[in-house]
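Listed below are the structures to be examined.
Consider the two complexes below, in which chain A is the common component and chain B and chain C are the respective partners.
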Partner chain A sequence: MATRRFGSPDGWAAGGLAAGLLALLALASVSLFVGVADLTPGRLLDPATREAALVALLESRLPRTAALMLAGSCLAIAGVIMQMLTRNRFVEPTTAGTTEAAGLGMLVMLLFFPGSPVVVKSLVAAGFACAGTALFLRLLRAIPPGSPLLVPLTGIMFGGIIGSLTAYIAHHYGLIQSLGAWRNGDFSVVIAGRYELLWLTLALSVPAYLAADRFTIAGLGRDMSRNLGLDHGRTLIVGLVIVSLISALVVTTVGSIPFLGLVVPNLVSLAMGDNLRRSLPWMALCGAGLVLACDIAGRLIVAPYEIPAGTVFGVLGSLVFLYLLLGRPSRAA
Partner chain B sequence: MSVAPRFRFSLLSALAACALLLGVAAPLRAETITVEHAQGTSEVPLGPKTILVFDLAALDTLDTLGVPVAGVPEGVKPAYLRKYDEAAYPKIGSLFEPDFEAVAAAAPDLIVTGGRSAAKYAELAGIAPTVDVTVDASRYIEDAKDKVRLLARITQREEEAERRIAALDASIAALKGKAKGAGTGLILMTTGGRMSAYGPGSRFGIIHTVFGVAPAAADLAVATHGQAVSYEFLLKTDPDTLFVIDRDAAIGRRGQAASVLLDNEIVRRTKAWTNGRVVYLDPDSWYLSGTGLTAMQAMVDEIAAALD
Partner chain C sequence: MPHDRALPAAPSGRGLKDSLRRPAVVLSLLALAVLVVAVAFMTVGVKGNWEFALAFRGRKLLAICVVASAIAISTVIFQTIAGNRILTPSIMGFDALYALLQTCFVFFLGSARLASVDTRLLFVVETAAMLAFSLVLYRWLFLGARRGLQVLLLVGVVFGLLFRGTMVLLQRIIDPNEFVVLQDRLFASFNGVAPDLLGIATLVIVAVSVVLWRLRGRLDVLLLGRDQAINLGIDYRRTVSLILILVSLQVCVATALVGPLNGFEPVSFFGLLVANVAYLLVPGFRHAHVLAGAALIGILLLAGGQLVLEQLLGFGSAVGIVTEFIGGILFIVMLLRGMAR
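Presenting the complex of A and B:
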């Protein structure tokens, strides 16, 4: 790995990535000092207030900021992997039934083991997400090639079916509201001890990055990738597991952020093309930055209450989704 | 063509016979009274035999007063009303949507609607005398008591109702005295791992407006599903008592999901936690049958016990 070139060979591209990282860090420090509790750099330095400020910083702000960046970056990565594997630019966990399947798993846990730790809930949800995504990929085989819009439409309908089944069960047990909560990415309850699972998504991003070339090749299609010597089936399974785990971890800890995995990869690949190894760091960076920005906005608009980051992003994301869908048909597939 | 007029004639004569019978029977059957309710006035029979109830609070009240009920809605009921889930009590639709055929088949003397079923009042009133006992949230306890009295008057259980209302009033007065010295309170609902806060004037606001607990956050906007808040908000408002409604405990494991959510370093720093006053409210009375006679007494008793 070490002998390979990291990112673009061009010096200015590496510089660009560094600048992007700096911008992200700036945004992250804004995130650290925006919120309800009294936390300012001044109060951190003043010995009289330091202890209370430190609690707010360590227990609430740092975890929240980390969770935002982790969720944003890994959802973007999950999105682009799905797009490569399905050879369709409109596919991501929320348009392929993955998120809904994870939600069904979450509901099952809420019904039967409401007090179980988040880790257990996440793993069960990941199992459901995996099964849901596999079923979606199976469904895709029945779709005639060359109809790129059919793929996300099928996925959204498939997700809708799982979603309504979930809603039916939830309604029966009076849990409709709990259902709404994790359908919407909300970081208001992220504190130390309640988000750490998201670090696993960082661990999952490593194999995703290492396998990036394979996903790029798999994106050329089954026959082409076989000709190039790739085990297409295995690549598919690896990608499927990574995507499902990421979606389930994010859904169970903070909820889903619709269209993020679609908007970010599309915008980045518009600018940089489809070489995943080159564009993946940018996708992670942009995903993290967008979610951070949306959450900061959500915290400021109705302070001291909150608008969930998922809602803020949903408004922006669906607009970009429509633009990509209607405005640029030539880029479909 | 030739059969139709004859058929119509026989139908008409049958109807006429029925009308005649009814006309004779009515004065024998029961005395009627005129009552005022949430959607106008109705003439209802005094001491109705067959009562259909669409509202859980009304079911609570009638059950408490010992009035037999002939039909109830399907769906989740408070634990103390679970006997109505049995097949012996015919099901007449959901809390929102009456099963009109079942309603008509039961040939009710009185139908009671309220809250979620209030929208179906007009249709039901076309079947049988109907009263709507929806409570005006702006005068929560007062109007709830009026609705109890209304049902008691129709079912001739006024004495029992007044006895219970007097007991309720006495415990509210005692609670108010206790709440005065108990510091501030914050109402928090947890659901799906999220939290939202409710203020005075909200659906749970009687804790502040009627029971007299000082609100820790006075400017909370009134919203059906509360205001999403963070743990930092709890730290900042720092209430003396935290009233928690665990929405996920719908299947009977009260406080289980919520206690996992609230057991952390930040909540442990609030006064409510250090005072041992994180109170998990019973969702049955707060959520399902809120303005029923037993539910109201349970709510008052619960808050009073929490402030001891």
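Presenting the complex of A and C:
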């Protein structure tokens, strides 16, 4: 009963999803034709300019648009999984130290093994992210029950401590600039050959979707989920690994996008409740759409220069976060 | 009061332990330590021209004293008004606000025009702008609709993140050359303090501290909580507004003088660390004692830290990172022990 409380038949839901997908595709095609290089559908069709236009499309615009959609959708998924597992609406990779730990791992690799391939760097960063998140979950056990706001607060400060340690090391070795690149999701660096690792996040979304029901049940709490026959510990570990891998992949390829995993799931679940199997596709869709929109805005505001999508979203996301905190006090505490 | 049982373990018998319960003894010990550190700070490792070294280090030490005591005093008083030991001006987004305002100045005026403006005028404008912003924010937070402490904390932190995000956004739009100018201004530096600014800042902070000192009786009453204070005849709204103005002024001047203490993150935990060490060491809860103790501890940490880490151990500018690290851990421990409820 509860899962279908809006009473919408499946056909309706599928229709809505299809409409959302169309809107996303429209946004994506806008993203394909916005930028410095002169790329319009007309130039693609004109035989004289086709070749140059095709290069720009395949080497830069298509990879960029794909990276935007991949990062946006998988961060939203990572956010909602963390929210289910910690049973707290304000937890996501940047409010739990996950992103910062991944950044520290990246810095360590850059300092000690600068020549190692990107995959290895990403994996090490994922290991750091996993350790950081596990430590955060350990800290959570010490939080007195019934104080939901302490969880993100602890997470943000925990991330802050890791972040200032990372920044200090980077400052010491003159690497502040590379640090800035991880802190602000920047998609202008994405060209063919430099972002393909992000496709792995799509592969990670599949187990996330398959395990969606488990995460929903884990969200009911440890005792309740055990009662319902769920191996709570294993679900936690699976979720932790998925989230850490996603965060590390996004941080190492394009940089972090703060609050995306918080804003999207909260807004979506406001509209459609907490059944993850049903809402997960919507979250992926909205995450991709929001990041696309922010990136397009960032390309237009100071054209021909760019503002990173992560920076645009940082402002937008903290405003929505404040709204969630203050706008509806009954829900916040 | 929790700090009554948390007295430091004395190495010898009852005599020392008992005397450590007397504020006068603790305060004089702290003052003595500050004196020793100050003398060492001025003299250790001086080579060559003594006259220059003493003048240079004297300015640096004065800047440290002014900034450390301003932050210590303002944090303790802020916590009295907030009614807890975990909120600080910095956690409520103050440092991030400063960085954002600096960025706005460079963004809207340009570094060239900024350099041609009289530094004293700029200092006054900076302080005034920060004061106006912080007053709007704090009055709204403290005197508006009553909210839980956890909401306040989180709102403050998210405001800090918002300020920082907006700052980064503006920094992306400005010219890269301007960005270099800006970055220098966003890290606390005690070396490059302009002598005339140091004079003004010292005057303002001493004056404000005197006024706050005269309010110490009312602060003791405010410590009892809002309702009790009103019952005891305090005009709560007016007193809190006045104190918030004074506290903001102090933090503004200190920050405008040297920059945010933690340039890496939107939050600095130095104030939190100093205030809580003061609650731990200084017996009783009278503001007369706690404020003096906090100021001394602040100076001790900042000047002593610089002395040990930079002069003796040769660790560049590591003081900030060490105090922030310890302060950050203290913050998390306080959160987990339920002090934010």
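One rule holds for everything that comes next: the second predicted complex is superposed on the first by the 320 of 333 C-alpha atoms of A that agree within 3 Å, B and C clash if a C-alpha of one lies under 4 Å from a C-alpha of the other, contacts with A are read in each partner's own complex, and residues count from 1 in each chain.
In the analysis below, a residue touches a chain if its C-beta (ideal position, glycine included) is under 8 Å from a C-beta of that chain, and two chains touch if they have at least 3 such contacts.
This is a predicted model, so every value here is computed, not measured.
S.K.: With the two structures overlaid on chain A, would chain B and chain C clash, or do they fit side by side?
M.R.: clash
S.K.: Touching A:Pro308, do we find chain B (first), chain C (second), both, or neither?
M.R.: Both partners.
S.K.: One more residue to check, A:Leu139. First (chain B), second (chain C), both or neither?
M.R.: Touch partner of A:Leu139: chain C, not chain B.
S.K.: For A:Ile161 in the superposed arrangement: first (chain B), second (chain C), both or neither?
M.R.: The answer is second: A:Ile161 touches chain C but not chain B.
S.K.: Quick check on the superposed pair: does A:Gly261 touch chain B, chain C, both, or neither? Answer first, second, both or neither.
M.R.: Neither partner.
S.K.: Under the stated touch criterion, name the partner, chain B or chain C, that contacts more residues in chain A.
M.R.: More residues of chain A are touched by C.
S.K.: For A:Tyr173, is the partner it touches chain B (first), chain C (second), both, or none of the two (neither)?
M.R.: Only chain B; A:Tyr173 stays clear of chain C.
S.K.: Just chain B (first), just chain C (second), both, or neither: which does A:Ser147 touch?
M.R.: In the superposition, A:Ser147 touches chain C alone.
S.K.: Of the partners chain B and chain C, which touch A:Gly193 in the superposed model: first, second, both, neither?
M.R.: Only chain B is touched by A:Gly193; chain C is not.
S.K.: Shared contact residues on chain A, chain B side and chain C side combined as an intersection?
M.R.: The answer is residues 302, 305, 307-308 of chain A.
S.K.: Give the list of chain C residues in touch with chain A in this complex.
M.R.: By the definition above, chain C touches chain A via 147-148, 150-151, 153-155, 157-159, 161-162, 164-166, 168-169, 172-173, 262, 264-267, 316, 318, 321, 324-325, 328-329, 331-332, 335-336, 338, 340-341.
S.K.: Touching chain B in the complex: which residues of chain A?
M.R.: It comes out as residues 35-38, 55-56, 59-60, 110-111, 114-115, 117, 173-175, 177-182, 186, 188-189, 191-194, 302, 304-308.
S.K.: What residues on chain B touch chain A, complex-wise?
M.R.: The contact residues of chain B facing chain A are 76, 191-195, 197, 225, 227-233, 235-236, 247-251, 253, 256-257, 259-261, 264-266, 269.
S.K.: Applying the document's contact rule, which stretches of chain A touch chain C when the two form their complex?
M.R.: 90, 139, 142-144, 147, 149-150, 152-154, 156-158, 160-161, 163-165, 167-168, 171-172, 184, 258, 301-302, 305, 307-308, 311-312, 314-315, 317-319, 321-322, 325-326, 329, 332-333
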